[in-house]
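Paired with subunit B in one complex and with subunit C in the other, subunit A is shared by the two complexes that follow.
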Partner chain A sequence: MKRSLQLLRPVQQFKDRPICGSCRKELRRAASTQAAAIAEDPSQELESNSSFNLPPPSEQDATRFDPLKSTRYREKKKQALPSSRYQYRSPRFDRGPLAPHRPPPLTDPASRQFVPGPFSQSRLESTYHSTIAADYMAMTYQHRPPGFKPPEKGPRLRAWEGDNPYFANRKLRGPRGGDVLRLLRKPITFRNIPMIERLTVHTYCRDVIRSGSAVLHVAGMVLQEITGQRVITHKSKHPEQGFGLQKGIPIAATVDLKGEAMYHFMDKLVNVVMPRIKDWRGVRATTGDNSGNLTFGFEPDVTGTFPEVENNYDAYPPKMIPGLHITIHTTARADKDARLLLEAFGIPFYGKVVD
Partner chain B sequence: MVCLSLRSALASAFGIANRSSTLGVAPQLQHIIQSTRHHRPQDAAAATFSTSSSTFAKKKALIRYHLYHPTTLTPRPLRFSRNRALRHWTIHRAWNLYRMKVKRRRELELERQYNAMAAANEELRVGAGDGGKLFRKAQMKIGTWSIPERGGGVPIEYARGQVEWVGTVAGGVGGPAKIWDHEWKRA
Partner chain C sequence: MSHALRPVLRSSTLPSLPSSQSSTTYLCQTCRHARLLKRPKRPYTFTQLVALSDGSAFTMRTTSPRPVYRSSRDTRNAPLWNPSSKELLNVEEDEAGRLAGFRARFGRSFDAGRDTGAGEDTTVHTTHEPDNPASEKKAITKKSKEPTDEDLDAMFAEEDDAQMLEMISNFGKPDKGSSAQLARKKI
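Coming up: the complex of A and B.
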């Protein structure tokens, strides 16, 4: 800062110097004749006072010059110069657009969240885009004649009715039979065809209570092996007297899959693992959380048939191979839509059908 | 979380040892690694997951270290030189553009199909001359959201074998698989 100010000063002085009109013309003419001369003979532009004409450094200076020593001296005095390398650390948190400096965008390789890829195109995904989406839209097509208006539905939240003076301006009441507002389901058009959003693989190791954490470690490694992703462990939130479970001990592990990894896992599940389960009727058709996310579970022996585990079965203690809970999160707003989508992907369902 | 996992996945896929040297490992783990690395063969034969408690503790510490230690979880950011960064940026933008085009094409195709369905249904409703009976029959979605076991839904054969018909070169849609594009010439 200081240096730039110093540099600025002579320029400022020169600019501020008053020049009369005739003098300015003089100067301009001189400049133009100079330019013409330079164009004729470019060597005129060179400065006459070259640094080559200066005398070389003295013997004494040459011997005294020791950059390594001076650096060490500066370091010793804690006045070290900044490194010549560019040492920028992106801030750990993005504090919004008003923050003075923000981490680089996620697509920048310098970002810590940068993920290279995708490196492959999943067959399941291309099947979805080429076939399933269009067929799904045709299957669920609901015709609406021009000018058709759907009948108005009642308000989802109820007003407070009664003589109580405190009911005035009170926040609206939730729906009957519970305060949960279900998702609204809209008719399916070309804009909202459901697709798989993410997939969660979860395992709960109850044996941790009885025999220590080894079970959870093995479960984590198995999960990592079959999904190709890092595992997150979860601690118990509540103590459970019946199980002898205390609060705060690591007891479960999950993996969240998205994008490429998700489709590959799903492909493996549908085409390799599920067909080989013996005496399996499929996923129960009533599964779901009412908002388009379906869950099903597998016994430990099914986990053992994942190709990664099966090929390296001896690497795992056989009694510690975990069972799995798999939740498929879809963009469908209702379970029946999600179920139809997963049927199209090849997951079999059985049993009673609700809604 | 995804990036971390991807890194490990890549490392395992390409057979890159995560840490070949113990230089970056925490000092309290150095001796554990040393002891587990230079154990005698008879130990190796006897060592399973549940032997003596000390070996087990060491193994557990190692597993824990490689699974959860922040130094293994947080990858260093990649630093590119200017030209390489520019190259990356250009490719990234081109890839995004391509993806957007593909997405747009899919959307337009779906919209076209939807509009065609709407026109056909409208024709069926008004112009078929049967008072809209066929139309009403077509709109009865009986068993659509059911399951094959109950005579509705999507048959299980629908999803199988489809994959053999879509993995084409250059993002083609439908048609038999084209593994190699023999007509391709350098422009």
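Coming up: the complex of A and C.
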């Protein structure tokens, strides 16, 4: 094997270069003899020909070559090439789908709104794909003997029944006992294993009403420090007489985390921040919005134990460090499934479980 | 198994992937003015090595410029995450049995029944260092020294003696409380 490779190498070497056919034949013949010589002295493998040995261009060619002149000629003809320093700039404004100069898609690095990344693979995400997903499917497996048919459920929306002639073709009625249509929980297969979709960190600064916006500024700084993302502020939607809150005052800040940033935040939260909370039993198991999104909150002193805040704790006025509400949006259809997923990620739950 | 799962999980609609497109390819049908395309602002992030208390480490993107973060308290040594670990249990070290003695004497409702628990504690302690036979022996002897009823009686007797002596020495001296009582009686 090794021997044949040795023979092949010189042939391939010459194949790449344009050589006349007869020469190639000759070389091929010579290759076998060369191989032995190369094995003895590897320096023979180097090419003997060099461009230095070639004759210089003729006098005529040298005088005829004038790049400056040809450029001027092209400019005169209005066929000038873009300069070497030309760079595409995507338009500053989106002027609608019919405008001639449309901005490039967001995935294009030339786009103004392009966000590079991800720059790292989070350990939590790889754990999810390698371990948690398969474990989750095994844990939620429910055996169905062959031939088993689950009992048919009634329709989620009821038809209008009665003698009223207006009931014909009327829009279907909502479920009994409320208008809310809960999400349908399907059996978990390899296609719909729940995963964390996004994570929202939210803080509501009520002190803004009393002492001005400084609290919100500090809260925004802390959130940005913790999450590594820009903060979005929210204005109050409704006036609240009891609090003295007017409408339209910036009062809350949120960060929406997805992908890489989300997993890094989650990792930090579970492994570093949560274990340091004093006398904490975990997240209350009754949390959730019935559709697989779980929320829990932290006191301001817990926010202070994030490694980034702890690093320069003196940068923030200690009374203005905000508490947090963290909502984890999962693709699970029920809280029970979401809880199981988050337990696999390492978030402890306590208390009575409501399914 | 997991590798078989992977292709499906890694579909184009993976929620873990940033899908900012949906929000920004929003086509404004009603507004006809030119919309400014803002450049997204991104805080600078560093890669930080997080060293957990058991020596394991992982990297993390963070805004903190510190290259290494060493945590003293994390999931590896928190009792909530290690419920079966005996080392992390909050065990009361009561080798001489003094705390148990105190509890036996002054213990109230929730403390009263704990003197059996103290014995358990000491046994836990002995199981901690079985490699050192001397200490084990010591612990056993101390366990035998645990306050029995006779010991407690002796302690009470000592204290009773002390109280008696005090009463005798104070006899005849005008006490503050007694003088006040006398004054009250006179009135």
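Following the convention adopted for this analysis, the second predicted complex is superposed on the first by the 251 of 355 C-alpha atoms of A that agree within 3 Å, B and C clash if a C-alpha of one lies under 4 Å from a C-alpha of the other, contacts with A are read in each partner's own complex, and residues count from 1 in each chain.
Simple rule for what comes next: a contact is a pair of C-beta atoms (placed from the backbone, for glycine too) under 8 Å apart; a residue touches a chain by one contact, two chains touch by 3 or more.
None of the values given here were measured: they were computed from a predicted structure.
Once the two complexes are laid over each other on the shared chain, residue contacts for A:K258 go to subunit B and to subunit C alike.
Legend: residue contacts after superposition of the two complexes on their common chain; A:H217 is shown touching subunit B, with no touch to subunit C. Once the two complexes are laid over each other on the shared chain, residue contacts for A:P317 go to subunit B alone; subunit C is not touched. Contacts of A:S126 after superposition on the shared chain: subunit B is touched, whereas subunit C is not.
Look at A:K336: by the touch rule set out above, it reaches subunit B but stays clear of subunit C. Within the superposed three-chain model, A:R206 lies out of touch with both subunit B and subunit C [touch as defined at top].
In the superposition on chain A, A:R156 makes contact with neither subunit B nor subunit C.
In the superposition on chain A, A:A134 makes contact with both subunit B and subunit C. Residue contacts after overlaying the shared chain place A:Q229 against subunit B and subunit C alike. Shared contact residues of subunit A, touching subunit B in one structure and subunit C in the other: 90, 107, 112-113, 115, 117, 123, 129-131, 133-134, 137, 190, 193, 224, 228-230, 258, 261, 270-271, 346, 348.
Residue ranges on subunit C touching subunit A, taken from their complex, read 1-2, 5-6, 8-10, 15-21, 24-25, 27-28, 32, 34-43, 45, 47-48, 50, 52, 58-64, 66, 69, 71, 73-75, 77-78, 80-81. Interface residues of subunit A facing subunit B in the complex, by the touch rule stated above, are 90, 107, 109-117, 121, 123-124, 126-127, 129-131, 133-134, 137-146, 189-190, 193, 213-214, 217-218, 220-221, 224, 228-233, 255-256, 258, 261, 270-271, 285, 317, 320, 336-337, 339-340, 343-346, 348-351, 353, 355.
Every residue of subunit A that touches subunit C in the complex is listed here, in rising order: 90-97, 103, 105-107, 112-113, 115, 117-120, 123, 125, 128-131, 133-134, 137, 190-191, 193, 195-198, 224-225, 228-230, 258-264, 267-268, 270-272, 274-276, 280-282, 307-308, 311, 331, 346, 348. Chain contact summary for the complex, subunit B toward subunit A: residues 1-6, 8-9, 12, 48-50, 56, 60, 63-64, 67-68, 73-75, 77-80, 85, 88, 92, 106-107, 109-111, 113-114, 117-118, 121-122, 125, 135, 139, 141, 144-150, 153-154, 156, 158-160, 162-163, 166-167, 173-174.
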